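What follows is a short report on a single structure.
The letters A, B, C, D, E and F name the chains in turn, as written, and every chain counts its residues from 1.
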């Protein structure tokens, strides 16, 4: 970049109010979609998170799954079945899911952060009894929903200066392993950790009046308006669970929840450090 | 068991000197072999470890791999190749290994401890930069050996009252993932953590003068005698790397290292809480 | 004992739920009667208490007087007078009582614990202003009842890893020294320290329907039933003050109070570590 | 500034290595010259310092005097006398100096930082016995040099999250008040506080081969070369005490000392956050 | 003094109840008047304060201005104007006031305490944002009244063993500097710091029934009686703001406020360490 | 006392340098002789000690036995036997000694301090394993000498604000109880606690050139001169063990040891708070 040093200094100075306002605050980031697949985007997200850490914020990462689970299932000759977009999860599928989420994706994120000079700790809901789940729906098998959260371990990890990287898996009261929707985990944790912000990294520009027209992104939605947007069909399909998590987080005390476009480099920084904002913000 | 309460009380009283002597001491346990496969033995090991925790010791678990890695490789149509008993590990094999070790076996141990009412945290060398590795031998690919250990995270986990469960994986200086022999990790950690004891759970009765005669177990070996036992062919094959780890641990300040028979229920308790001892003890 | 190591391991494993449930909990033990006179029983009690300490409980000992006071009075040519079983205590008797309780019995207990490798601290209500008393009844002279408890010193002693050994003596507001019933001290301290359990070591099998028939021990009494047992004459004589202390302790939040038979070796362990229970338990 | 958000994000990301490398490090800034007089420059310096604080550094400010002292002396009808550029300081001059330095300039800096939302604490060497001085030269009167530094108070101020603002005044062993050269104070403190960097804000572009040609700034000088530069006349006059302070700081363990041009906005940021560097750097 | 050692010992012993009762208690001292001008009285006050510190109290000093402000104004050819006894304060006057209060008087007190071997820290309301003020009255210009107090910095100073010396200056919400009446600051701080005592050092014997007859000092006034004393004209003129501060302090929880005669050596000690009391005490 | 308040204030001010110099310092006081028998002297000593505590010193009391032991032995029809002035101590005598020292004298001191509003804790060498002893001489039976000191418990007691009151009793490695000379305990503890001063309260005016002439007290003895004083017969008899303890303490780093006359009221204060000193001071 050919910016003069002086312009660079100005950019830094302009970031000061944002740094101040997030000082010592927790920001929960749901990391998923293309930003987890494309190598360049991946590094862009990790760098954003490391910058957040160094300027005094406490980023907490919850990652989703991506296509790796389905890939491994295929290789193992196992067919994926879905009901209403949710994967039917039998014991073997759960085992594959856990291996991929915790044994592969979580590892990649922890490694990538480590390679950038910050220490990360990967955990799932099983570690330190961080969260407990119950079955969502008998038909879906081992798909769970969170029943109980214990933030002790995450707070210890933050206090010691590490970045927590969380896989959306937990056990149930009978010792079963449940797979949980990562958006749901992120929303709930944001509320439980008194986060200032929840950021969902997605593959869309935000909530759009017209799905085919990126210029129709709605920049702000109050939680009171959500129902109407759903009734009007503007929020639909896979966006519904996302907006619900935002709703739960904001209800639970999080100031702002954001649905941003992870296909754009440094989208987290753009959201946090500039006035312009990107994507859709959900507030009270 | 039909023991009278009075006899039970006597057993507890007899355990007192052992409890005293291990109070607040760290014991590193290499968990592997049948004790990790057989359901009943598995529960017996976990209960032993939980008892250790509750009576004031700090158990640290390092687990090995077992047949699951080879199984998954087979299912994925990948052939395992070995040189001198060590698995040749290309990038794809490493990925499979990490998914199985950290995404499956580590999870099972953490879950099982949790189900018994104690909180465990699963980590590999990647979390918190706990250990760094380098390539052992170019032919073997991503088989590593430990270069550097940072015990901060493990000590934090212990201080907070959790049990650390460690997968023998680490990254190298170029960001590669290395698989490391679990015995080697256990031996090195025992030394670095100033453990009082290292326990290797194996599928043999100990070091035997005659491999076919369980009554010839050598109950104690001083580290000065190891070379002779190797020269005499009494220690050979897969036992050589195990004895080397014991040697390194004892050299590094660990009081005693034990090679015990994990096929016997409660073998850890027998080792720690009774005079009789089991298997082979290596001392200075 | 000729138990196999394996059976021993089983006993330890069976004790685990009890150890868990008392982890970091305070247990107040009123130590008196034969268990304080018979050398063998004495060592049995002390060993039980040390085991409790090492497996993570916080035992607090309150001791009574026994025959030593009367013995020394006799040797000094002083006649003991009793009203309703309580010793009339003039200034000289109080001096003798304090010398025997704090200068002899307390010392023996502290020494005996020390000889078993645990550090104990002997205190009376005078040390650190731990408790203040007032006269119970003018006729009885310097027999006191507790007015006020300050648990700071006892908590400091516990926090530093010592076992507190408490003599039932306190001063009054005029600087007088009062002798207090040890059961009363134990019951009150159990409540003030939020103890989980109060154990009164006595010379009877418990509360019995027929005093002459050991097989009629009542294993559990709810505090609401106490009045009826007294009215029926089943609880009478010296048992009345004991049951009152249990009542006060349980009212004050202690989960369970026990009247156990100190003439049986390891009676404390039997009570704490086995399902069978011994003596009479008083609950809410 | 019309930079695109994306370019802004890039600037932030580019600053990351600098932020990392100064994390939790102390930087001593000698604040003086035009940057203390010109309103716009003043705000630019303060903003730079606040940014440093928020991104995790510990800035420590030592301020000089500027023309205010001479102004007040004039108003009070007192003539300033100089020997070799140093002000001859009698008791009355010292009183005026202290009023201006601590009662005016220090106040302005503390206020200005406070107005930007960070808490500052103004101290001189007298507060908390932070430093003691002795007379430099009898002819100069109450001009002192530092004898002893006690960093307790400054460290307390930093630990509590405040920014220390230090006036270069101290008392002597007889209770006299001494005025000390601010560069000297900054250099000595940098060494005593184990600062990573010392920055002297001046009214020149740095050390120049030709004083009249700004393009001849020497970007780096090793402390071993200083003598030669002085002998060659390149470092002369008022620059000599400055270079000496840099020398002392670097000798005392400070990694780098910088003589920068305070007439340029955000000169501190340019120095810390960009590769380009400005002014002259003195290293070991 | 020719007292026998024995009499001295008795004096110390007699002081014990006073020392006990002020142990670890905060005492706010408004230091002003002759006691700040006369050299001998000055040392007497400082010694009293140091003695208080060493015997376990926490003295907090708030100083007033005295004639130095007017003197410097005169020298600078600036005329002082007063309305109802309060100085009209324009920006230039404020600058002079701050230089004198914080740059001269505060320094003298800090130095004098330091010379007696105790470390003091001088602050004004600006340091650490200790207090914020607003304009009292537009006519008076920059005369302020306290709006908000933050005791963090003062508590830190006390905790670290230093004595805080406070100049009655603060900024307003627009960044203006305000001069505040020192009595008002002392009274407010006494309440905010939960001080046990507030001592106003004045140049009168106390509140007197007849201003010209020192024997008519009223030794105690309850806050309920103040109105009547004002209505009766016994409290009037400059004493009214002083009694108001005492009223505010006592209302705010301070046990006793005292108006004492600073012209008498060791008046603070006489007040604190003897039964006799001096001056007028205001209580609830 | 008819001193004017002003004279009282002067006495307090004169005490300031002494208070400063002993701030936070430990002073070990061997309490014995008439000062422990005469009621008035007893209260005078306790008040001195309480004053020391409140003005910031850490007094540690070691008490001796006095005539009470012999009295109780007589009453019990037991004859006291002495060899070279030391009591031959059989098991029964030891039991009597412990009851009197710890069960009576220690209690009286703790009570008396408590009645003056300060909390004391009575301990002997047995509590917290504070010191261990061995037999001094087989002929003397259970007379011990200190082998090992553990200051943890005493330091805990001091840190928590209590005054430790120590009985000179300890156990040996076989569990025997030993009686130890109180001077010896005081001297050793003074060294182990890094005390600034050791004060032995005796029934003589100090070390006198002529035992019959109180005006011949030697005010200062250097430890190098002790031998000569013994050779010359000036130090003899019961003074020899006392001077040896002083020697050991001073050798062990205690600044000054004092042999003072406890028959004079407030002798401790006179020693600590006045220039005049009393008795004999032993220094390096």
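Just so we're on the same page, a contact is a pair of C-beta atoms (placed from the backbone, for glycine too) under 8 Å apart; a residue touches a chain by one contact, two chains touch by 3 or more.
Because the structure is predicted, anything quoted here is derived from the model rather than measured.
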* **Set of chains whose contacts include both subunit C and subunit B** => none
* Number of hops, subunit B to subunit F, where each hop joins two touching chains -> 2
* Structure fact -> Chain-centre distance (mean CA atoms) for subunit B and subunit D, in whole Å, is 57
* **Distance from subunit F to subunit E - Cα centre to Cα centre, in angstrom** => 45
* Averaging only over C-alpha atoms, locate the centres of subunit D and subunit E and give their separation in whole Å. => 36
* Structure fact -> For subunit C, residue numbers touching 2 or more other chains are none
* **Graph class of chain-chain contacts, one of line, ring, star, complete, other** => ring
* Chain order, ring traversed from subunit A with subunit D following -> A, D, E, F, C, B
* Structure fact -> Given the complex, residues on subunit D that touch subunit A span 1, 3, 5-16, 19-20, 23, 47-48, 50-51, 54-56, 117, 265-266, 269-270, 273-274, 276, 278
* Any idea which subunit C residues touch subunit F in the complex? -> 75-76, 95, 98-104, 107, 110-111, 114-115, 119-124, 126-129, 152-153, 156, 160, 162, 171, 175, 177
